[in-house]
Structure formats: C-alpha cells, structure tokens
Amino acid sequence: MSKTVYVTRKERFNAAHKLWHEEWSEQKNFDTFGKCSNPNWHGHNYDLFVTIKGVPDPITGFCMDLKDLSKIINSKVIDKLDHKNLNMDVDFLEGIKSSTENVAIAIWEQIEQDINACGCQLHAIKLYETENNFVEYYGGK
Amino acid sequence: MSKTVYVTRKERFNAAHKLWHEEWSEQKNFDTFGKCSNPNWHGHNYDLFVTIKGVPDPITGFCMDLKDLSKIINSKVIDKLDHKNLNMDVDFLEGIKSSTENVAIAIWEQIEQDINACGCQLHAIKLYETENNFVEYYGGK
Amino acid sequence: MSKTVYVTRKERFNAAHKLWHEEWSEQKNFDTFGKCSNPNWHGHNYDLFVTIKGVPDPITGFCMDLKDLSKIINSKVIDKLDHKNLNMDVDFLEGIKSSTENVAIAIWEQIEQDINACGCQLHAIKLYETENNFVEYYGGK
Amino acid sequence: MSKTVYVTRKERFNAAHKLWHEEWSEQKNFDTFGKCSNPNWHGHNYDLFVTIKGVPDPITGFCMDLKDLSKIINSKVIDKLDHKNLNMDVDFLEGIKSSTENVAIAIWEQIEQDINACGCQLHAIKLYETENNFVEYYGGK
Amino acid sequence: MSKTVYVTRKERFNAAHKLWHEEWSEQKNFDTFGKCSNPNWHGHNYDLFVTIKGVPDPITGFCMDLKDLSKIINSKVIDKLDHKNLNMDVDFLEGIKSSTENVAIAIWEQIEQDINACGCQLHAIKLYETENNFVEYYGGK
Amino acid sequence: MSKTVYVTRKERFNAAHKLWHEEWSEQKNFDTFGKCSNPNWHGHNYDLFVTIKGVPDPITGFCMDLKDLSKIINSKVIDKLDHKNLNMDVDFLEGIKSSTENVAIAIWEQIEQDINACGCQLHAIKLYETENNFVEYYGGK
C-alpha cells in the first residue's frame, strides 16, 4: 500500500497593495473595497503555506527535499513579491486584482509545474493576509 | 475552468459554560465530565474560523465581501455568544449540551442560510475551545 | 561577578467570572463594566507567566528547578483557579473584584513566600485575560 | 441525519534525531540531508495534532472523551518520544528513518486501533517539526 | 502600600511604507535600506502594544478602563495609520523617516497626554513590524 | 533630549542536548534533571531574542542596521548552535552545563563586544527552550 503524505512549507513576504478598479470613481472604489482602496496603498505581512502530496522515498524518508521546495517557492514567488507592490511590481500579477483569492491562485500557477517536475504533486496554497483572513486554493477543486 | 477558492474569517468570543446532565447526580456528572462539570461554571476564549467556498468575482477578486461575512458571523453568532453563558443565555443553544462539538454544529446551522444567500457556500466551522482542543464541522459530511 | 538571570514558567487556567459591584444597580454595573457585567457570567482561557530571579547553581545550571516552580504554581494557584468561578470558588480571591489587575496581585501574594523559600526571588506575574489584554505585577514596584 | 464532526487534540514532545543513511559516507549524508545529518544529533520541539472523526453522543455531546484520547496519545506516543532520541530510543521507529513524514505515519499506526476501539475513527495526524515545516497523514489516502 | 500594576492593550494596523532618504540616489538608498527602499512601497501588519502604569481602583479593580484606553489608541493612532501610507498619509509622521524606531516614538508622543489625563501613566510602546523585529520605547528612558 | 529605544531581533536554532553531571551516577542525574537527563539526548527548537539599546540615527531612523545585528547573531551564535549538540559541538559552551540559563549567559558574552562596537549597547538576551520555559539575561543586572 502506498502511503501518501502531505508536506507543508511556510514562507513569508511583506508587500504593499490596494484594491482598486480603474474604471470606477474613487467613491465607488471606496464603497466596494472600503479602506483597502486607500489611493496611497497599504500593506501586509503575508504568510504563505505550500502543501505538496507524495509518497516518502524508502531511503531518505522524504516526499521531496524541503530545500528544493523552498528554493522553488523563493525563486518563483517570494523573490518577486517580498518588499514589492503587488499592483505594480510583479510580472505574474499583471492585470490581476490583488485580492488574497487572486494572489493565491496566481501563486499556484507560478509553482505547479516545477513542483510536479520533482515527482510530487502540488496540493494546496494557503495564504494569510492577516491573522483573521486567509484563503486556500486546491487547483480549482 | 472555474477556480474555486476557500476563504476563512476568524472571529472570537469569551463565554462561560459547564458540562452537566440534569438527570445525573453531581458525582456522575463529575465522573463523566471531570472538572468541566464545576457547578459554578468555568469559561473559555473561543476562536471561531468560518470557511466559505466560491469563485472569485472577475471584477472585485472576491468570493464574498469579507465585511459581509463578518457581519453575518457577528450578528448571528458572536453577539449572541460573546460574554455570555452558553448554557443559559443563548437562544440557539437551548436544550443542547455545550460541548465544542455541539456548539460548532449549532453555529453552522445558525449562519448557513445567510452565507449561501450571498452566492457562496458555507464549507467549514472550526472552533477552538483551548489551544489544545478544537472541532471541525463540514455540515455533517 | 554574580550573574543574575530571570526564569519564566508559563501555566494556563480556564475560569468563569463577571465584573460586578454588589452595591450598584444592574444599569450602573453595565455602564461601568460593559459586557463583562453579564449576570450569568462569561469566561476566559487565562495564560499565566511567573518570573523568578536568581543566580544559576554552578553544578546544575539552574536558578531553581522548574519542576519545583511548576509544583508551587500548580498547588497554590492553578488547582484553585482552573475550571472555577473566580468570584465564587476561590479562597484567596474572596472579597476581591476579579479584574485581571487584582487577580495578578493576588497570585503574587499566593506564591511569593514559597518561591523565596527556594532561594530565588519572585520577580513578576504576567497574566493574559485575552490575546489583547494583559497585566504585569512586580510586587508593587 | 448523522452529524459527523472532527475533533483534534494537540500534544507536544521534545526529541533528538538525525537524518543519516548508514550505508552512505558522511559526505553523501551531508549532501542529501544537509545540516540535519550532524553526527552528534540535533533536536526539535514537535507539535502533534491527532484528529478523530465521529458523531457526538446525544447525552454527553462528545464524539469521544478527550481525556481518553489524550491517554491513548500519551501512553502510545508521547511517553515513548518525549525527551528521547528518535533514532535510538523508540521501539516503534526501529529501522525507520526519522523524517517527519515517517514519524507521522508511524504515529498513525501506533494509535489507530486504540482510537477505533473507542467507537471513533482516526482521521489525521499532523506533525510540526518546526513552525515552517509540517506533515499531514490520513492513513495513506 | 500602593500596588502599582502595568496594563497592556494590543491593537493592530496594516500600512505601506518605504525607507528612503530624498537627498540620496536610488543606489545609496538601496545600499542603506536594502529591499525596504523599494520605490513602489511595501507594507506590514503592525502589532502595537501600549502599556500603562497605575494602581487599581478599590471599587472597579481597574487602573484605567480598557475601553477608554482602546478609544484613545484608536482615535489618536490606529485610525490615522491603518490602511495608510506611513510616508504620505499621516500628519504626525510628517518629516519623520518611517523606521519602526521612529514610529514607536511618534506613537508615544501622540497618546502620552491623553493617557496621563486619565490618572495613569504611559509606560511603554512596543511595536512589531514583523514577527522577527520589534521596538520598545519608554519615553526616552 | 536623547530618545533611547530598544530594538529586538528574533532568530531560531534547533539543537540537541542533555542535562548531565559527569561525576554523578545515572540515578542521581535522573533524580536531579528528570527526563532531561536521557543519555541518548533530546532536543528543542530554541527561539532567541536579542535586544539592543540606542538612539535612532537622525537620517536613517535606525539605532543599528538590523542586517548588521542579524549578521552578528548568525555568525557568532546561530551558525554554531543550529543543528548541533550543545554539549558536544559548541566551542563557547565547552565545560558549561547546557541549561537555558547558562546558554543565555554564554550567548550574551559571545556577542556583547561586536554589538557595542556598532555604537549600540546589548540590553537583553531572551531564550525560549519551549513555549512554557524561557530565560532572560541582562548582563548580570
């Protein structure tokens, strides 16, 4: 019987953003997005949890080397988001509203291939915007 | 392809309760519920996580406005439980033993309709009684 | 040179209480204590940090055996407060309003002698009522 | 309709270990396991979450008495792992590399029968090695 | 003997900022402030702890009503910083570099008078920028 | 008036150790140190908080560049303790019993000079062995 386990790595990034729809007035933006629409930005300490799924190797006991997992997350996600403006500085978020929902989906798409190439399967992205609000994405399932 | 995400909001309440079966003696209550049966009550800082499931709106990037979600949770749950006695003060817990299991189920039933009316689906209730004990409820699934 | 260090032990208790002045009307109690005056009680998971001060023993490297410290805190404080009603069940809180300030002071007085008898000095009591509110007491200094 | 809930109990243990394959050179061990291969061991404060699944009893409101659950986890797992060396001191880890993945699987196998004998079902083991790395196991599913 | 206690209230704000010296080149800014100098801003979830010092009132058991303390902190600090840009939107930070050190000092100066007017004494400001970096200020002592 | 602030940096290390006095029997070691005397070691995730004291620079707003502080802590402490055995692998702990008290003192002595050379003053070492036990050292004061 194969023994599937789920392994999670936590990383962090600090970023500025605002929720703002260009085609709307400042008033309509405020009515919809509240204080998140502040024109001069605000920001967060984001906590990111990436979960992969696999079977432990009989010799190493690892599904995947966590150093490799951390490298993928850092090069494909953290280096691009940390100390950046999510609305202005990030290639893979261009044209996407920076809600936690959308950022979580975009992070999934950014790392899915690299992780699956390691013989594991990307299982979940969990993204905390604050201690009170977080989003989980399982590839659309 | 629709991209389902899961969005969680954390709220808190502080309440008194005891675990006590009226038809039993004090001794049998103590044997069953231990120190949770203290006749003069005890209490907890409860942490409540409500998870909804939906697809982000193409314009706002939201599954559901978190301010609306927070309003539902507060008016239907927190306002009724916070700084209250779970055994004596809460209409929707009448006749229900205030175990964490039962309180989690009752919270689900209290908010399910209002959340589904917002075009999302209630997915999970997670209720911490202490940092060491918590319960999850997925509508019976 | 003697090398003074400060050693802290964390313990926990869950208790019911209310803030209520007998000589006042229900209205005046509510005006003063807000929802903390709910007649049927509410409760908290209290986190208690006890800090002692001393010089590490040259052989053990301990200021004081933490098992002894924990025993004192448990027998003199936790056993009397945990799963109790702070207003009704606790000998050393009789006649004292159960504000976090007063409970912290009373805990200090409850354990000071026993700790000092171990060759250390009680330095601080830190008592969390919620994650947002806590009190520190240094023996009145 | 039966109302299935998931109940989780958190316990902790502190243990030493190293990741080391006997048939490999020190260099190959270091190349594979990095600083986790330090010959003189290192260690962790492990956080263990055990989740069971069941239907609350109509009288007690419990799926399973948490004191019973805690007793099983302590006698079968914590007493054997706490303040021990995972590679040397633990009968049920003999011949198993002490990766978090493998320890989580072994803990499942160690308690599954006892929990199921209580009329509940073991649902998940979640094991934190550090705040940044954790593993979940659902019996191979 | 008067029994001085220290009471702390935690509040939170989410803000954007950058560390940037106008008279320096982008390169010199980067050399000095590293990634904190990103021209398009970054941001944080700040945790703010305000500690006051006083003697509990013999009737209420309070040093100061925490609702009053919270009102002062919110009207004088949080409302002005939350979901704002610390470099652009805040009157009491004008002309001040938004290092955690300087923001902590400015918060002290913003609330000292109001708190002392309540018969207590402001004792400490503790400001977390991230879980790894925080600053304490005791009025210059 | 100079405005002294206290700046804290958190770092982490995972290490093995045991509490053991060579000149004592296994029984006497167990009687004194309890399960911490397990001959095959145990270990912890240690959390280290280093606090410095200084006046913010009028241009940068920093007491001390946190990157420099982090570099000192990492090169002088973390690199030597992380994934090591505190009793066997660490030059600056040789001949010292690895109680949290003693390790905290030794860390102070290891970094005091380097920090003071940066124009700040080392103020405190806070070292967590577990979430329930920690030690603070202020240079012997």
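In this document, chain identifiers A, B, C, D, E and F correspond to the written order of the chains, with residue numbering beginning at 1 in each.
The definition used in the following text is that a residue touches a chain if its C-beta (ideal position, glycine included) is under 8 Å from a C-beta of that chain, and two chains touch if they have at least 3 such contacts.
These numbers come from a predicted model, not from an experiment.
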{"item": "Joint neighbours of chain F and chain E, given as chain labels", "value": "C"}
{"item": "Per Cα centroids, the chain farthest from chain C", "value": "A"}
{"item": "Copy pair chain D, chain F: interface residue numbering same or different (half cut)", "value": "same"}
{"item": "Relative to chain D, chain with the most remote C-alpha centre", "value": "E"}
{"item": "Distance from the mean Cα position of chain E to that of chain B, given in whole angstrom", "value": "34"}
{"item": "Whole-Å gap separating chain B and chain D, where each centre is the average of the chain's CA atoms", "value": "28"}
{"item": "For chain C, residues that touch 2 or more chains besides their own", "value": "131"}
{"item": "Chain pairs in mutual contact under the definition given at the outset", "value": "A-B, A-D, A-E, B-C, B-D, C-E, C-F, D-F, E-F"}
{"item": "Residues on chain E engaged by chain F in the complex (per definition of touch)", "value": "19, 21, 32-34, 96-102, 104-105, 131-138, 140-141"}
{"item": "Touching residues (chain side chain A, partner chain D) in the complex", "value": "1-11, 51, 56, 59-63, 65-67"}
{"item": "Touching residues on chain A, where the partner in the complex is chain E", "value": "12, 14-17, 35-36, 38, 40-45, 82-85, 88-89, 130-131"}
